[in-house]
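Look for subunit A in each of the two complexes below; its partner is subunit B in the first and subunit C in the second.
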Partner chain A sequence: MHPWVGAGPEDRRHILSELGLKSIDELFASIPAGVCVDGLDLPPARDEDWIRHTLGEMASANVAMDSIPCFLGAGVYRHVQPSIVDAVLSRAEFFTSYTPYQPEISQGTLQVIFEFQTLISRLTGLDTANASLYDGATALVEAALFSHRVLRGKRDLVVVAETIHPMYRQVLDTYAEAAGIEVAVVAPGDDGRLDPDKVRRTAGDRACCVAVQSPNFLGIVEDLPQLAAAAHDGGALAVEVVTEAVSLGLLAGGGSFGFDVVCGEAQSFGVAPGFGGPHLGFFACASKHLRQMPGRLAGETVDEDGNRAFCLTLSTREQHIRRAKATSNICTNQGLMALAATVWLEAIGGSGLRELATSCLARTEELKRRVTAVGDPWRLAYPQSPTFNEFLLVGPGSGTELVERLASEGVLAGVPTTDWGGSWPDGVLVAVTERNPATDLDALVSTLEKLS
Partner chain B sequence: MKRRAIRSEPLFFERNSRRVRRQGYLLPALDVPEVKPSEVLPPELVREPDPHFPDVSEMEVVQHFHRLSQLNYAVDEGLYPLGSCTMKYNPRINEETARFPGFASLHPLQPQSQIQGALGLIWELEESLKTITGMPGATLQPAAGAHGELTGILMIRKALEARGEKREVVLAPDSAHGTNPATATFAGFSAQEIPSADDGTVDLGALDRMMDETVAALMLTVPNTLGVFEHQILEIADLVHSRGGFIYMDGANLNSFVGRALPGLMGADAMHINLHKTFSTPHGGGGPGAGPVTVSEALLPHLPVPKVIRGEDGFELQWEDPASIGQMRGFYGNFLILVRALTYIWSLGAEGLRSMSDVAVLYANLIRHRLNGAYHLKFDAPSLHEVVFDDSIQARHKVHNVDIAKRLLDYGFHPPTMSFPLIVHGALMIEPAESVAPDEVEAFCDAMLAIAKEAESDPELVKSAPHDTPVGRVDEVRAARYLKVTWTPEETE
Partner chain C sequence: MTIPDGLKYGRSHEWIRTEGDSVVVGITHYAQDQLGEVVYVELPDVGSSVAVGDELGTLESVKAVSEFLAPIAGEVLEVNTRLEDEPNLVNDDPYGDGWLVKLSGSAEGEEFLDAAGYQEFLDQESA
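Here is the complex of A and B:
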């Protein structure tokens, strides 16, 4: 007997006798003997205390980000976490429910999705957004395939900036060959920013999309208006990838500059770092391309009495209706994380988000100033380029060595670029958020001085 | 359901109509010099404040989401018998372990020495899933079942490539989940359907005719979407393998045979496991889930990177592997979902997992026994964890499956899966799972029988349902015709 199995031995006997059976084995008689086993070689059941203790020990074998000054970013950021986010997520009405296919008893989830779509739409500057994708990396893949479809499969080239998160590009490479697309990479200039002319030349007239990230992998803000024009000149769609969604509190989303798709990772909006998942992929596009959009959508309608109600809509794009001709195979998405982002954004508020993003910017500028003041052998890789809340720091050694040396002094200084390749210097990507008080900056700067 | 009192909740964007600044959260004080964004960033890139993104107080936010939550049905409220979805209890200890700071506040790019516990957990879960499926390899990267399917099919593509073969077709039965053909297309294959035999299982003769040198794989759900075990599974696997194809197993229905049978013995080459079905992680209103894939020897070399390796100095991430398909997503999987699944597997243990499947199958058969006759059973092959009726008896009174579903809402139950699998017209696909007490299963059957009677005696009552939900029957056709997928200020002001 186990508390998570609803029927005990006596219940089972009663039901078996109602079914006219002697043993539960009879219910499995249709399984051929050749594939059967009698039980599994797994440990016995454990009580809650054992579980708490054992998993607690595994958790303690890790170093939580909150326990030391931490400047890790590179696609996963630590921002304020209002306690109400987890309180809402912990409501069984949200976390134990299924995809809202029965709208009459799912208005809560549906309205949340509708609000999420609206928030993402307003932040990206595009008029539609879906109800989530797996993560930022797969959102880039979906954007490439979306562009391929929008241009009717006539253009197989996808142009991506080298300064898109290298992991996102690796994931795109995994899917590209099977999807029949070719990927061309454009390196940044000496200032870490893309040269629109170089983008234009690479895309020529055979690209279905040009994808750029801003702020890019190096933390640098790109010239979005010029890049949108460079993509459109050759007839390609312009795709903006965002890995630090909080930047949208201060920087206008690509939609405002003519980008056709803005997609990426919204983990920054109230989702725990969680060793990389579950996070929150998002995808926004212009409504004229709505029918090519992947993933679920909630729409507004009315009930039989004419009252406002919401339901999932345009499911004719999706796998359960369209099967082999669906826009994507995605079914289960990151719904609960979309709820987290919605609660987080609504709690922080419009002005609050701007204030929060400005706080990240101010702290980053202060740290850049102080690192520059430390001087040799430490320097900013791109001192002249505008950044939001992340920058590349170069020092006496490879990024990996530097991170290890700084970690041994009790500071998690950032993410080494050593193993990612790329045309930029080998250094440390340092991310600063509103969670890094001045004392964190002091700790990092004094450690840099010590290692000078 | 007694929720008439709360009928609607304004949208967030309709709140704070005076557009005054309220405080929803107190940010950490700025303890560094202030900056003007337009002096640091290119001014043309800095956004204007959005007057339609309100600032409200904390309690307004709490009330908003509390009220919205009251409009939802939940597993904790009653039976949620969605076929193919395995809506079981989501244990609270899972939620507790997934929130341990050493897991939740862990950055995926921390130095290897700081993430040993997390890598160890991934390794442990991989081992458990290999034991449960009897297969020699596993990856926990996929974010969901469909993502697992894609991972598996891309591995098969890679294995064929390594053999110097190019095959273009992926087969799936007409009873398959929509994700199967969608995945085949996504992975660059042409999806083709195999007809089912009279008992709803794969037509071996048809397979024999279709299985040629152009076919890369057969995607097979076991037991199938009717809840019927493919009794010829060994013959099917032999046929496919002997002609150079692979077996992809859709593990959505694994909850029916844990501890009783092994996919590894069935000839599966790759199989995804929906942790949010069989292993109790919450569905979250649509996600996140996790779709680990276990593989046979033939596909072992092609598992995605990074792989977790147990070395002499602890666990490490291996990124370099030329035979691998590459990386399927950012980082290493929906890790906090993996924590929940391992919590569940360790809690239940070997015996508990087996009794989980036993009771899931027992309940489905109890429902079948009680409803058979009142509802029509198109395929009468033995049921495992789910049973598929249709509405042909009720359709005589012009009552259809959708009406039955909506009427069930009035009785306080979530409806079964509707109109799937496609080989059963007017399908009602019922999967009770093992978590609820037998009384709850009986009460569901009572409600279904009462509706069957109403369909005869008062069909209008059923056709006009639901009568007792927060909103009446929702006009889904209108939603698709007059698309409105975001709130816009023009229409309300």
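Here is the complex of A and C:
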């Protein structure tokens, strides 16, 4: 048989005779008839050219993010994409491979993981980072379960800020229920920020961790030193969640302020916004808690000739070895996306990341000033609170209505908060990145003026 | 494969030594040999109570993590804190400096093997 060509009738006959079977149906006889579909009502087969043309026409009915002014964010962000990212990513050695069970064979893969860990460690201000996780939401879950383990299962309460991305909190609720962990939610104050005293009271001495997001779901930067202290006062671990990783180019990661875990979503680093993903979770913690960290860790070593080499330093607590007692049910890492983030960060560089983040901040501040100048009926929900590259805009109508109205004028103004509930005004989360040129800002402002 | 006299042995490869009202627990030479180089030992909190067969802690070697179990019921009186920095003591001196925990209580009423019995048990296992 040819490795790339499917089995033909002759091959099938051969395989069946080797197996001592008369038909394919006999091979699959163990599948209960009740769960089998009896014939599918499908259109006739089409050739490749027809499919390309037809699907292309369907796709062209979508509005591409880059084709009109776009301020979508709320956890997924558009940033520059140097060509080298896809060039490296699409190399077959990386693109088609999976972390093998004898990982040291794949030195390239391990080196990438090692570099990714190093970059995340530097950005978060913590000395240990794992090889990556699926996405930001599962990273939050892992942080909660991690904290539960570090405190030896004696504290069943997890305190989370309401201003953590609502989708992340939904995923946490799903896991927490199964793990018998109670989740207490702390609402922000009138300024959209957490009150450390309120956090302290909610956690008491029962919480295994306090999790906060900064910049939070409303785009607002939290007071991390105060929040770390509030968590630690009652003996809980402090967990920071980051959904816009580019903010780490300007804002110090929580590790610098005493946070025990900094985790979240690194899609901003070289992973283009997709229809449902892929995303890229990251997880960093203090090395004293290394053994409770989910996932795996690559390390640097030397081979028998003394040359620099890489190895899997820690995977003994993963699912393929520890089964039900593993530190995590996620028994792999998001290898390809971690590669994208690594290449992206190494291409942009440290000063480049700072420049990029500064540019996001400057454009956002400019837009906030101009929106404020437009005035009634438009306003910033939290005009006094510090933001990074996103803010909540309120206007004449629900967030969903506003987004629809602005879209009909040719501007994708952002993500409505309407369907998320929450103790904040119903409005539109407007995200600004370096991918929004001045003309985008002009378009949004003039449309707001028009709809005043 | 050393199996000293004067200790009691459990079928999950722990040894115990009675010291007054308490017992010292470790793993056997055979067990450490099976595990390979121990790189980390996770020990229970002093003061916690365990029943027979409860997980007392974990032993991590280069390739695997195994738990070790409480051979008797009792309270954890002491743990071998030297293992935090010298986990290799479990390999180098499993019956001495590589001890794991000290529990209150006694081995009375529990079924243990003596050195000869444990040797016989190992022979059967490998047969």
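The rule is short, and it goes like this: the second predicted complex is superposed on the first by the 390 of 452 C-alpha atoms of A that agree within 3 Å, B and C clash if a C-alpha of one lies under 4 Å from a C-alpha of the other, contacts with A are read in each partner's own complex, and residues count from 1 in each chain.
We adopt the following convention: a residue touches a chain if its C-beta (ideal position, glycine included) is under 8 Å from a C-beta of that chain, and two chains touch if they have at least 3 such contacts.
Since the model is a prediction, treat every value here as computed from it, not as a measurement.
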Checklist outcome for this item: Chosen between subunit B and subunit C, the partner touching more subunit A residues is B
Checklist entry - Looking at the overlay, what does A:325 touch: subunit B (first), subunit C (second), both, or neither? => result both
Checklist entry - Thinking of the overlay built on chain A, is A:202 touched by subunit B (first), by subunit C (second), by both, or by neither? => result neither
Checklist entry - Taking the superposition as given, does A:317 touch the first partner, subunit B, the second, subunit C, both, or neither? => result second
Item to check | First (subunit B), second (subunit C), both or neither touched by A:124 | outcome: neither
Item to check | Partner chain(s) touched by A:216 [first = subunit B, second = subunit C, both, neither] | outcome: neither
Checklist entry - Does subunit B (first) or subunit C (second) touch A:152, or do both, or does neither? => result second
Checklist entry - Same subunit A residues contacting subunit B and subunit C, which ones? => result 316, 321-322, 325
Checklist outcome for this item: Residue set of subunit C touching subunit A in the complex reads 40, 42, 45, 60-65, 67
Checklist entry - What residues of subunit A sit close enough to touch subunit C in their complex? => result 152, 291, 316-317, 321-322, 325
